[in-house]
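Structures are listed in the sections that come next.
Below are two complexes that have subunit A in common, paired first with subunit B and then with subunit C.
What follows is the complex of A and B.
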């Protein structure tokens, strides 16, 4: 293959096969590798040695921002920018400002969560070597893949291939970058 | 004491094995992963069925009634609706609350049942979420056009304007603007995040089939999803958080809708029971609508292996539970009206049951309180046709509930000199009738172009998705 290689991809037919192979790749010390699955496999994060997702922190920041936006907006419009007494009620009170601030908390949290998820995943993305693999359609359907990237310091074409084969991987192919 | 108890335990306890609780089968007949993909994608990839075109045609025709009604209203004025003193809120707000309430079951299924780890939600959540979004679209039509000069509807939002005036945030109506627009937005986002992996499936399938245009379009919205487990990890977390925030959202939306009434001083509206009562009613009506939509869909597309009898059982039982809560709320309103010893409140409720609108009240009671009680019986829950018919009664009953609450209270307010009797004008009837068409058009487009069930989630609840092989080890 003349084009520089992105890495190796191996096929696994069942979830238990993939799970056990993932544990082996993790224990071999690889860092730049991934599993491709058609659905979220329960427990695979642990088998891959992934840390807990940090999406919740981004969500929390979004929620706090939303709540403050609501309170500030209602105070600024009603009690600062244009002071207008309605029904003898106070110009500002956190009580009446609460429902709107509550809704904005949720709205901003939702945007932060989805934005954060996409940002952490590097999506949207126009091109990825994995998507060029001719069997990827099956990876969206009922087959599982492990991809080990060539940029991983432990990557060695022969040894990595042997590891994947020993872990039960089939159709081990090189991926074009 | 504890030690003494342990010493006194009979020896036989050591031999007692915990009972093996069989897990409910969510996908019947041990279907494979690819069977699920083929089944769901097949609906989109197959030729458009003839019945779809017929339904679509009829739905467009019905939707044109809303277009006609609204066009006439814009050209003439909001007076073409039958509102007049003292009934200035009527069908428009009834229809608004009705449609918003229907939407709530979609969020309940997708969010609350997700948090409660009710895995049976997986086959129905996509369609239920779609129902939510389309119901919110229909709901939004009414308050927006009720403002009269609809081209000023943007005054509802705090956008700087040449009058230098801001919104009155003390008003529950302004809270409602934020509640409903947040609800619509978050519902769409939640739905879209759920769709993301399935759009990627369709992208690759259309690519393989050589359909460039559809592959491009699905690919555009799939954002380059590639099923990476590093992505799934963040995705699952994001989905869980969205479920976590949608749960207080759905409860708050109907609570705030009920504040539109409860914060006023009108007898029959000014009650503290409204928020929970409205939320229960919303979920009740929403499940009615889910059953109304899913049962025909299941029959037409032969989805019996994915929407099993167990799913129908669960939905019927939730309808029964929420319907019973609603019935309890009706009784409690009467009790409090008597116990509170407020003569105006007492009158409002006697008037509901025995006044000019008694016919509406008794339709409401029979549809909402009596109908769900049939779901106690297994034979009823297993008779799909009967369940479908009962679900229609639920929809009708919940529309009448809002009608009874809104119109009876307004028609007999504090001043007998202003009492009146409200009847809808033909324009209102057209506009409301048409929204069923608007809803159907959107829903038909959805079942034609998007996967009606979340494939990734369905695969994840099958026994072969378990990392230890078979789901019996937990």
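What follows is the complex of A and C.
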């Protein structure tokens, strides 16, 4: 037996072909698969059955962490570690801790958003099996692909091939892992 | 996608439902105005109901200004997603001339009984603890700006500006429906380039003259920005209410989608943060500098002369949590922004808190013998409600009267195709 393959790739000539094929793959219950398009296809996420990204939750966590860090830092430095009265103000007040907390909320939210996005996308990544496919560059130009990974529990070489063919896929190829 | 319908029907079907609703709104509005007038005539202390009327006026002028600014911003940035809702804001702009009419009693009152609404207009008005307005050095220094002729001229100029800009925007947009000329879009963009600075200046000075000058000793460079934030937040909420209303009525089915709600919801979130930023900055700078000429404004709204907490302290907390924290957290959610009945509730909530914010800025100028602000919960609140209903009824009537005179959406706007297929 040959080395286990990464999955199957099928070519589609037009957006409607790809869109309808994506709906079929979605309805067949596949989870580990993707579409490769030269440009964003609006509504494709729905056709693929993708849910909204969870990046906003990671952002929120970052924001809350930033706010608490700001408040704690100002309290720690001014009212605990080195108690110093400045301008007749109390040692700690959320009033003057707020600008710092606000800035850190934004900073940590930005870090969490970018970090969360990179993590969820599995980036940075220097190699992807799809890149070995000699036609893949056309996916940045004039052709559309669907890739179904072999690790998907529903993956079965013969059946998945048949599904892609029935969905209108051309040149269905196995990808080297 | 965006080919304008070349053979669009020009005749509009009559909308009896809108006409009936307009009449109802006008009747309710006039009833509210009559009740407010009765309140002013019958109250032992007339200053309260008059200031309540100022709250009602400021509230609806703010919403109209917000709509004006949003239409101008739409044109200057060449926006596409908001083309459909822009038409409804344009209908809302029809209220300006009636708002001017409703503001006239206050202007006349300023001349007939100076100092009755804005205390500084009466030079003999006795200040709490130190002489009269006329002998007050702070008034004397500010009198180049704070004088009745300039106040009157500026107020008239504000309304002339707003009515003129609204008429230009409305005419260009409505005419484009008929002749399909892209030239009207350029006309509106030029109006926007000129109207935005004009709008920013007029709304700032209106806020300073009508509201801030009630306590003319005070200093705040944030005041116009604070008012602008409220204006736009209110107009966005009105936009959401209209979108949900027209969607449920069936008019907007197939026209607006989830992404339109998402986009307007995002703007609501952005302006919630903006309002908070501005309002907090104003408070924080005054708190930090701790100068009596500035802190007295907040002290009036927090404590009585004997140091006890007054009702406005709690109103301030309601504003902090109700105007920022709650809407901010609610609007973070994607689901809340796109679920019609939830975003509608958030819109109603924000519209209510804007009113509380205006009350907080206007009503504490009413003081008792000790110089303490009269409490929030008083009969004046009733006159605030009648004024808001009164002026609001007239505004709603103006909107509903304008609504059936044009097509539901600007069918020949160059961006209408993009708008109808709006996506994230």
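Criterion: the second predicted complex is superposed on the first by the 168 of 177 C-alpha atoms of A that agree within 3 Å, B and C clash if a C-alpha of one lies under 4 Å from a C-alpha of the other, contacts with A are read in each partner's own complex, and residues count from 1 in each chain.
FYI, a contact is a pair of C-beta atoms (placed from the backbone, for glycine too) under 8 Å apart; a residue touches a chain by one contact, two chains touch by 3 or more.
It should be emphasised that the depicted structure is a prediction, and the values quoted were computed from it without experimental measurement.
A.B. asks: Quick check on the superposition: with subunit A as the shared anchor, is it clash or fit for subunit B versus subunit C?
C.D. replies: clash
A.B. asks: Looking at the overlay, does A:56 come into contact with subunit B only (first), subunit C only (second), both, or neither?
C.D. replies: A:56 sits against subunit B and subunit C alike.
A.B. asks: Output check: A:126 vs subunit B and subunit C. Expected answer is one of first, second, both, neither. What do you get?
C.D. replies: first
A.B. asks: Tell me which of subunit B and subunit C touches more residues of subunit A.
C.D. replies: B
A.B. asks: Name the contact category of A:99: first (subunit B only), second (subunit C only), both, or neither.
C.D. replies: After superposition on chain A, A:99 lies in contact with both partners, subunit B and subunit C.
A.B. asks: Classify the contacts of A:43 with the two partner chains as first (subunit B alone), second (subunit C alone), both, or neither.
C.D. replies: A:43 contacts both subunit B and subunit C.
A.B. asks: To test your reading of the overlay: subunit C has the stretches 94-102, 220-228, 238-246 or 382-390, and exactly one clashes with subunit B. Name it.
C.D. replies: That would be 220-228, the only stretch with clashing C-alpha atoms.
A.B. asks: Where on subunit A do the contacts from subunit B and from subunit C line up?
C.D. replies: Overlap of subunit B and subunit C footprints on subunit A: residues 42-43, 52, 56, 87, 89, 96, 99.
A.B. asks: Tell me, which parts of subunit C touch subunit A in their complex?
C.D. replies: 280, 283-284, 287-288, 290, 332, 334, 421, 423
A.B. asks: Which residues of subunit A touch subunit C in the complex?
C.D. replies: For this pair, the touching residues of subunit A are 42-43, 52, 56, 60, 87-89, 95-96, 98-99.
A.B. asks: Which stretch or stretches of subunit B touch subunit A in the complex?
C.D. replies: Per the touch definition, subunit B meets subunit A at residues 32-34, 37, 158, 164-170, 172, 174-175, 178-179, 182, 185-186, 189-190, 193, 197, 200-201, 204-205, 207-208, 223-238, 241-242, 245-246, 248-249, 252, 256, 259, 455-457, 459-460, 464-469.
A.B. asks: Could you please specify the touching residues of subunit A with respect to subunit B in the complex?
C.D. replies: Per the stated touch rule, the residues are 14-16, 19, 34-45, 47-48, 50, 52-53, 55-56, 59, 63, 73-74, 77-78, 81-82, 84, 86-87, 89, 96-97, 99-100, 102-104, 106-107, 109-111, 113-114, 116-118, 120-121, 123-128, 130-131, 136-137, 139-142.
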